[in-house]
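Next up: the structures, one after another.
Next come two complexes built around chain A: one with chain B, the other with chain C.
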Partner chain A sequence: MEMNLFRLIPEFIMLGTAFLLLILELFLPKGSRKAFGVIGILGTVSAAISLPYQDYGLALAGLFVQDQMSIYFKWLFVISSVFVLYIVMLYEDKINNWRGEFYSIIVFAISGMMMLASTNDFVSFYVSLEFVAICLYVLAAFLSDSRVTSEAGLKYLITGALASGFLIYGISFIYGATGVTGFAEVAKALQGVEPTGFVLIGIVLVVIGLTFKISSIPFHVWSPDVYQGAPTPVTALLAAASKAAGFVVILRILFGALGPMKGEWMAFVAVISGITLLFGNLAAMPQKDLKRLIGYAGIGSAGYLLMAVAAASELGAGAIMFYLLTYVFGIIGTFTAIVVFHNSEGSDLVESYAGLYKRSPLLAFSLFIGLLSIAGFPPLGGFIAKFYIFMAAIKEGLWVLAVIGALMAIVAMYYFLLVIKSMYLRQPTNPAPIPVDMTTTGLLYFVNAATILLGVYPGPVTDLVMNIAQGVF
Partner chain B sequence: MDIWALLIIPLAAALIITFITRKHAELSSYVSVGAVILCFLIVLPYFLTMLGNPHMEHIEQSFLWIDIPGLMVEMGTIIDPLSLIMLFIVTFVGSLIHIYSRGYMHGDKGYARFFASLSLFIFSMLGIVLANNFIMIFVFWELVGLASYLLIGFYFEKPSAADAAKKAFLVNRIGDFGFILGIFVLYYATGTFNFVKMAHIIQAGQVDSGTLGLAALLIFCGAVGKSAQFPLHVWLPDAMEGPTPVSALIHAATMVAAGVYMLARTGFLYAAAPHEAMMVIAYIGGFTAFMAALLALGQNDIKKIIAYSTLSSLGYMVMSVGVGGTGAGMFYLMTHAFFKALLFLGAGSVIHACHTNNIWEMGKLYPKMKITGVTFILGSLAMMGIFPFSGFWSKDEILASTFFSGNYPLFAIGILTAMITAIFMTKLVTVTFFGEKRYHGHPHESPFGMTIPLMVLAVFAVFVGLAGFPGLDPNFGTFVAAVAGSTAAHAGEHGAHAEHHFSYFVAITSTIAVFIGIAIGWTIYSKKSIDNNAIAARFSGFHKALQNRLYIDHFYDRVLVAGIYNNIARVFNFIEVNIIIHFAINGIAYTTRQIGKGLRLTISGQLQHYAFAMVGGVLVLMVIYVLL
Partner chain C sequence: MLSPLAAVILLLFVDDARVALVRGIAIASTATSLALSLYLLFIYDKVKGGFQFIEKIEWVQSLGISYHLGVDGISVAMVLLTSIVIFTGVFVSWVGIKHRIREHYMFLLLLVAGVYGVFMSLDLVFFFLFYELAVIPMYPLIGIWGSANREYATMNLTLYLSLGAMIALLGLLSLYFTAGAKTGVYTFDMLQIASLSYESGYQIKVFLPLLFGFGVLVPLAPFHSWSPTGHAAAPSAVSMLHAGVLMKLGAYGILRAMWILPEGAQFWMPWVAGLSLINIFYGGMVAMSRRDMKFMIGYSSSSHMGYVLLGIATVNIIGVNGAVLLMFAHGVMTALAFSLIGFVYDQAHTRMIYDFSGLAKKVPFVAVAFAIMGFASSGLPGLANFVAELMVFIGAFKEYPVHAIIAVFGIIVTATYMLRCMRDVFFREPMEKWDDLRDASTFVERLPFVFLIAVLLIVGFYPSVLVDVINSGVVPLVNKLNAAQVG
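After this line comes the complex of A and B, so read on.
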């Protein structure tokens, strides 16, 4: 029973930071709220600093594993964390009955996601998943005096609970069939055996349960409402980090534990992917609220990512990891701009973005880059990511999905173009410039540069993700 | 490395203007103009060397962009006669139009933004021309679309301009949908994106002809979008909402020709594709040429007339590719770039003077604007294809390719199109520059900054056709036949055969057709022995159809867009109103009240509904799973 607790140092740092914030809440005066954000960011940065020093191997008697993939995803989480905490600092004036827990719970959620990236066992997986989920339920409903937010939180909770039920039920079937819960042991037990009915039911239920976290059908219903209704930083957290957490779990469970059964779930995932692609993108077309629009577009993105899952290949796994990195940057840039804009204008409606180009070229440019990257426009990072996914799908002969995906890429361009047209080709109703402070300006430049760089010079990252993907099955 | 400079310089210019010199209009224009002229100077020595050595080997320079197991993508350039001809056109015509724009756009408040977009366009266009593989061409293909979007929507105070920009972008995306799928099919079949490698694999017969036919048609979709072929031609006339120099550079001389260039670049594919696929391409081209010429007849806006004539010319080029005359198509592309840029810039000069686009509010401008008038007439003669102007030679090669490949119906369409072209060009020239004075105010000749490019272009519009003079050796056909040793030379026996033969029969037939057209135009619009209103009244249905663009746009707007988009919107609105609002919002309001009272949560209709929907979804998926 090797504990190897040192392999969980990044998680411990995050948890420690979260507890510290909770305690400080009691002592720090009300006026020093921004200090919470700074402490949270510093904690996250310390966790990030510990990442390169991690060695690979099992921890907590095999419940967790530290490997290249977990480190990669932990990087995604710390990047998301820093930006989300920063956006909260910009946003917090909107929170009327403000409480320090807001920062603390975000840090708790991130630490949970880090654990998810390292899970190596159905038990630790389920516990980590619920840990993250409970944090997110609270965050989504945090503005307790806002009806829309309460509604969003409630919806999120109910759907989440239902999905969780399917998931645990499926896990129990798999445990019943194999008698083990460790991912590696499950894979070993399933290697070369004919799938029994128990295993098949287990697979179907687990796949369905996992669709909640990545907001694909049939558990997508929460996402537009929650994206629109939740406090904007929480939406960013859900869109970027939470989706990445969902997919690291899919890589661990479908590719890892259930990898030997991939013949049984590939076609099933492909069907889910196709319907999700169609639903998310078509439903995004008539949306008027930018956050809600991104919510639907996020369903569409889940469809693309599932396309790579359906390919069930190393190329597909690499594509997922690359896509998520570009997606995190796209979402961060977009939501930072949305928060700054909302602080100034108090609206998230697409039409209120009219003439933003004249009022704040930087905000307009960040949205332009972020949205176009998510839409997969060359030469931005999102283009390479989508292209990568298409190549993975085509290699496995998933032509129907490729055609649907290419068609939906036009649709995506349509609805994002409405935002861009509003920003660039419309006259502002109120020509007053929107001020953007220095730090935000710097961060936006950084995110935009990263998005462009990932498109222009993807080589180092593609090498890295392919290297990681080699061990995924 | 100087080849890469062709991409770096215009991109740097666009960035410098955007981030540094934005506030200084004059300086910004110098940056942009300087960048494109610099590019021209880099291209020129290569181009001249190529003229001396038409059988040059292609030069590729590339580096790996993505290199992972199972997927290798390079960024690379290819220099061969084909790309050099195109580089020459883009940088030379581009330089002239940049210079012209300094005068034309003078005093516009978006002056710097205009030049930044123009430089971005030059960057993207050169990327298309230089690309040595499909992914790179696709990337720049999209960037060109973006630059075009910014430039069409330049006068965004006008909602029509913003709408036209959106339409152009989205219609192009529809074509690109086929394009990217075609690229995937080809990659699947050959395992490479590189043109030269792919050509070797296809020429070795390793790909079956069904796949090639499918790929050829899918790739062609990209050209249908960018080169505005039927049925995706609808964006180009609307694109005239952009400033006139943009129309000249992007929507006449270079970008719209990119589709034809891409077809020539991927000529190895079309040479190997089955005959049926090629006929689809040829007939789409022929139909576009004919339809657009008819549509041009019904227009009274000077830019719209030229825009439809551009559509018609593009149709000609595509038809030529379809019948195997890729070299002839490229030759027409080159001559067209000069005379069409000239016509557009001449139109810009006229618009600058009269402040209207309607040719019926001009008239008798010739005495006031001699330089514009003379150059415009020269451009028109070239466009109509009268001996010995440039259009004569290039049109003749296309008609000859069509005739000798045995496509007599297409040949007839070509001749007929030439005649109609002569009619509306005669109308355009006589109504605008001669006849009665109908203008208001005091139009005067444009400044030298604008007329000098006109004169230079006029010289080329007149003489560049001689490059195709059959007695000349090496002539244009030689250069293009040498294109990577793969396009024209392999373009089917008929095509290759036709390109080296000058036919008196074809030349005389087309010349007669053109003179008949001029005579008709002259009689109606100048001599007025036939009243054009009487004709319009006689064929009122047809006339109305022409003025309404044969109702194709109506069909798209009312049936496709309204039908599909509105129904999608309706379905989701229904979901929104009935489910979200009714169940969710009202349900939540109810639920929160219930929670407040500490009552049971689960009786809310909304929650039951949600749970029901999800469980239902799960059951459906389970069924799907069993069926799979």
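After this line comes the complex of A and C, so read on.
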């Protein structure tokens, strides 16, 4: 049994950073909160530095695997982590009974997601998933003196626990049918086998359980409340990193372990995708609170991503990876702007953004780029991503789904344009400019540039993800 | 042709307050484009035909997407039209736009870059990307600088056009996979995709989303409701581009779709011919009933695009030539109309026909220009529109004699509302309240009008300068379509 612990070095660095933060909490004086954020970011950066030195192969006796896909997703998590930690530094003055754990729990959650990207076994998968989930439950309810936040945390916990139940029950069926838990072994056992009732029940339960993490039907109900109620950096973490973690797991389990059964789950996922697209986008239309709006829009995005899952092809897998990268950048740009705006104005309502272009051109522009990228406007990264998803769907002949997706893309344009309209076409009620500090300015420029670059020059990243996608089945 | 894009980037770095510099950059870039388009018109090899000046750069290798540009005879004419309209549009904005000038020019030039891109791309992905790039800047352009009812109009327009684009996209993607499955090489290269032949059942199915998608932009009845409200709310330069150029993108898209799917086109063309009559008469009738001059011209554009569609639907050489020439002539004519109305509106702050009377005494220059526009619109000889409409009718008599006879009466409708508008606004007794109205007197104010009228006259008296080039693009297209009919 080879342990190959060096293949888990990035995770170890993240875990070490998290523990360091916990210990430092005891020693550092109260006034040095920002130092925690800096240490967290430095730890993340060192984990990132170790990524290019990783070789491919199994670790911990086959429980984990390091391959191109896991490295790609770890990059996504590392990027999200740096930005989320930075947003926390901007945000933390809001937290009254602040405790140093906030930073360390975020770092714990990220390290859990990195493990999820590498899982190669149902056991390690479930353990990593619960590790991440527990961190997120705590984070979502962190503002314990706010009723909205507590409610959000409770909803998140209850639906999450229920979804975990579905998942573990489904996994046990699959184990019962195949007698193994490793993804590769399960795939081998299912190869060329007629699906039995046991396997089918297992697949259905696992798919339903996975919908929690990506906030799609039927476990989507937490998403708008939690997006609105949770501390804004946590919302960003949930929207960007947690969704990516959900889809890397889907790629590993549905494409990898259950790939031989794809004829059985394709139609099921397609139906979920269609309903999710309709629900998320239509329900987003009347929203007044920007965070809640993005919560519903996030359900819609899950619908698009599931459309690529339903296509069950290499092209679909590549499209998912590309989409998630653009989505991470879009979410980060948007939420950084939301936090800065909230610090100054104390409101997340769309109408309070009126005339923002006059008060802070940069914030307005970042929201403009971020939201339109998520909505899929060319020539931004999000458009290319949606384009690939449509390609994948049409290639497999999913015409009904593609038409629903096309119509819902117009609906998404509508509600995001409402925000843009408020920012650019309305006059501000209070014309005082909103200051943005130097570092934040730099970060926003970087994120906007990345989103635009992915749109106008998608070649290298596309080639990369399509190459990774070759080995997904 | 990248000159507008370069200008956009330059403008990003220019200070808001330096209005003169902003305008200078805009004029320089559009003048460059105009000069290059004229140059293109003369160096384009009419005898050889086909696509020339091809540029190709790999963009996404793994999916067969490349930045692939080239022009045929039809695109040359359309590129020239775009250059003419934007060049004059920049001058019109000089007079009309008073706030957020830099951003206005940025969006305007971005839009134009998209339009050039559509007319020149030979790659389906870039075709679509540029198409969207041409639509999206309309949102801020109308939303920020528009007049009454702008927020509704701009949302309506953006969503309608994007819907059309998405539907067309699904059709294009289907083509990509079908073509790829035939050759084993997946590519978005239009030349490659068009060189294959497809089963007629498939062609008929896939032509429909393309027809719908591009038809929305034309605007093909009954999907035209976005257009007049958009026109009415947009600032002058944007109306000019919108009616003058953007609508032509739709017709151009349909021509390209016909080229790729000849049998599908043959199947649907009688329907298009029928709908084109609805366009002509419905647009004309509504135009007659409108009191707002911009609404009137907006509906009249739908009506004229009906002739274009009729010409396209004939699928014979003279009809399609006429359609493309009419696209050009109508573009110039509408640009003139909107710039004139805009000029009056900026001073009078009303566009209602009944608010005016006897303006010719106050603004003789504008009145003359408006009269020429009205004559062009009603198809009087000597102006470009006459030649084009004549060709369309000759073509249409061969294929759809009944349609053609009905369509000819459309001209009477046009003449009715144009002449009535002219009579009410410019002639009759002058009204006192317009005593201080100023005529177009400076160079900047007059240049666009004079320039557009000159183009109408040149093409009217010497159409072969354009027709020869257009013809070199139309002939292979029509031949391919006719071969499909026999086969």
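Quick note on the criterion: the second predicted complex is superposed on the first by the 473 of 473 C-alpha atoms of A that agree within 3 Å, B and C clash if a C-alpha of one lies under 4 Å from a C-alpha of the other, contacts with A are read in each partner's own complex, and residues count from 1 in each chain.
In this section, contacts are C-beta pairs under 8 Å (C-beta built on N, C-alpha and C of every residue); 3 or more make two chains touch, one makes a residue touch a chain.
Computed from a predicted model, the values in this text were never measured in an experiment.
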Overlay on chain A: chain C relative to chain B, clash or fit: clash
Which superposed partner A:M391 touches (first chain B, second chain C, both, neither): both
First (chain B), second (chain C), both or neither touched by A:T462: both
Which of chain B and chain C A:G165 touches, first, second, both or neither: neither
Chain B or chain C, by number of chain A residues touched: B
First, second, both or neither for A:P435, with chain B first and chain C second: neither
Touching partner for A:K155 - first (chain B), second (chain C), both, neither: first
Which of chain B and chain C A:F377 touches, first, second, both or neither: both
Intersection of chain A interface sets (partners chain B, chain C): 377-379, 383, 387-388, 390-391, 394-395, 402-403, 406-407, 409-410, 413-414, 417, 421, 424-425, 458-459, 462-463, 466
Chain A-touching residues of chain B, taken from the complex the two chains share: 64-71, 135, 138-139, 142-143, 146, 150, 153, 156-157, 161-162, 165-166, 169-170, 173-174, 176-177, 180-181, 184, 187-188, 565, 568-569, 572-573, 575, 580, 584-585, 588-589, 591-592, 607, 610-611, 613-618, 620-622, 624-625, 628
Interfacial residue positions of chain C with respect to chain A in the complex: 58-63, 125, 128-129, 132-133, 136, 139-140, 143-144, 151, 155, 158-159, 162-163, 166-167, 169-170, 173-174, 176-177
Interface residues, chain A side, partner chain B - complex: 147, 150-151, 154-155, 158-159, 162-163, 166, 200, 204, 208, 217-219, 221, 225, 267-268, 271-272, 282-283, 285-286, 314-315, 318, 377-379, 383-384, 387-388, 390-391, 394-395, 402-403, 406-407, 409-410, 413-414, 417, 421, 424-427, 458-459, 462-463, 466
Residues of chain A defined as touching chain C within the complex: 377-379, 383, 387-388, 390-391, 394-395, 399, 402-403, 406-407, 409-410, 413-414, 417, 420-421, 424-425, 457-459, 462-463, 466-467
